[in-house]
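A, B, C and D label the chains in the order they appear, each numbered from 1.
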Amino acid sequence: MTPQPAPPWQTSAWLNTDRPLSLEQLRGRVVLLHAFQMLCPGCVAQALPQAARVVQLFAGTPLAVVGLHTVFEHHAAMGPESLRAFVHEYGIRWPVGIDMPGADGGAIPRTMQAYAMQGTPTTVLIDALGRLRLQAFGHVEDLRLGAEIGVLLDEARRSPVAAGASEVPAASGA
Amino acid sequence: MTPQPAPPWQTSAWLNTDRPLSLEQLRGRVVLLHAFQMLCPGCVAQALPQAARVVQLFAGTPLAVVGLHTVFEHHAAMGPESLRAFVHEYGIRWPVGIDMPGADGGAIPRTMQAYAMQGTPTTVLIDALGRLRLQAFGHVEDLRLGAEIGVLLDEARRSPVAAGASEVPAASGA
Amino acid sequence: MTPQPAPPWQTSAWLNTDRPLSLEQLRGRVVLLHAFQMLCPGCVAQALPQAARVVQLFAGTPLAVVGLHTVFEHHAAMGPESLRAFVHEYGIRWPVGIDMPGADGGAIPRTMQAYAMQGTPTTVLIDALGRLRLQAFGHVEDLRLGAEIGVLLDEARRSPVAAGASEVPAASGA
Amino acid sequence: MTPQPAPPWQTSAWLNTDRPLSLEQLRGRVVLLHAFQMLCPGCVAQALPQAARVVQLFAGTPLAVVGLHTVFEHHAAMGPESLRAFVHEYGIRWPVGIDMPGADGGAIPRTMQAYAMQGTPTTVLIDALGRLRLQAFGHVEDLRLGAEIGVLLDEARRSPVAAGASEVPAASGA
């Protein structure tokens, strides 16, 4: 089965980055996109600490960790100002995009819909060519996530993509 | 040293109870009051799961578990509607009071000030006579909290307080 | 129901104490007796770390923590020399008695039989008067164990037993 | 730097396998060799549960998990009969070799010496060509171990080694 291009991200704002991120900009890098909601217990207890571990372990490699705030419930409690407080309190330093509200006032935001995510947390891996390689709802074991990332990084090393990979803003925090 | 009466609670609203709770109503019961903020990582990771364990373990005893939302930062992100979503998502079933905003627009809410709490989480134990017996900032080990509760429950059993202890609303969830 | 006297301990040797311990010697103290086997996974993962937490938290109180090695299977793998290596590697500093092998070569050692223990780990609480107050097979939550210990220590403080409680060897490690 | 061949294993006995395992037999497979001692707390708390997670996650892949009992202290407490009881109690189902005692009665066993291991636990990864690719003393994070295994499995898939990889005994338990 041939991997398909990952759908583009539709966002209304970004935290922890000077300019919006896009898949095109990140071409040449492996991308771990973790979709979460700030009031989702499984996201807070497992997915966010895991993202922080990934940021730390793979620092210095062509891996970008990107959060996506995909709010599909309790919208009033999880607006941009609340998210900003959350990101501050939890010490999240990597870029976080806010998924664009659904068309016609639908509850499901647009990127979440485009990826057909079932809920939060959802873990997405995109290879250096911009193709969707893993999408999983719920907790993904560290061992498995590590194995998937390892293979994609190895692919990226063996077939480097020339186009300006070094020009993107630093997408993995300290 | 003689234990002093616990300061009264000053609240603006309550969740998970039909009517506001007060120390007078709870006379005859040991009270575990846990002060928290919904965006405080230590509260979410440790203090709230501990409160849930206490509710479960001491069900059927004259112990009341009561939450107090003592917001002293990021006020806009932790208003009543946000708290309601949080309480729903985290499955909190015991009564939670919202500490009354500080006088003259001060950041520290009133009950938090009256108890001179240093931050969140803060764990407070009040005996069946309404006296303050323990106040601790930060995580309290389960063993220690259990020991303190055990002693206060034993005191309450040995010297029951007559006044209407059975008329208060059930303050310990399922 | 009136608590009954705890059965006497029948041991073949002791570690971490100059002379054998007995219930008589410990009269005036609350005793946490934890029965374990060095190759029992639940003992190693939960009961022993819990005993260490109890030793640390209740240092300075009239509580004695005592281990009892109740080997009822794999006898050849858990003899005294093996136990000594285990106690060293796991940093166990409190007294540990070796339960005396069963009469007529039976697999179940004698103290284990006298207490009718179902397996390991088993947690036993004995009050300052030498009476059996709790016996539980399997993991006991820290909150519950703390509550039980708290009550027994409070009893001991309210009705001190005169007889030589201070003469026993220190039974709680650093 | 070119990876070097992993030193051969020198063992005195094996558990959980009908016949001794050797690196030659396992050619064509990635090998996770974890060196441990049954009375080493870090091995019991972290390395063995991790090995069990690897066995489960990578079932169906050309990965072999192999334990090596490298006893360098408390020899009398960790002989073959003790190890057999330990393996039974901890539910270890993958092959475990017993490292051959050191020449001239030295404390360090022979394979441990040949690999110049610093202690236990030690994690070793050997690629499908029998070359040493990772050796780490102490705990290795699941994310990192997963990444290393992922790359070696991917290499093995891209350049399969013909020689009889399917003839070796099943080395990954259920």
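One rule holds in what follows: contacts are C-beta pairs under 8 Å (C-beta built on N, C-alpha and C of every residue); 3 or more make two chains touch, one makes a residue touch a chain.
The shown structure was predicted, so the numbers you read here are calculated from the model rather than taken from an experiment.
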Chain D reached from chain B - shortest hop count over touching chains: 2
Chains touching both chain B and chain C, listed by label: none
Maximum centroid distance from chain B, chain identifier (CA atoms): D
Whole-Å gap separating chain A and chain B, where each centre is the average of the chain's CA atoms: 37
Gap in Å, rounded to a whole number, between the CA centres of chain C and chain A: 51
Residues of chain D touching at least two other chains: none
Contact graph of the chains (line, ring, star, complete, other): ring
Chains grouped in pairs wherever the two touch, ordered by label: A-B, A-D, B-C, C-D
In the complex with chain C, residue positions of chain D that touch it: 39-41, 44-45, 74, 76-78, 81-82, 84-86, 88-90
Chain A contact footprint on chain D (complex, rising order): 53-54, 57-58, 141-151, 153-154
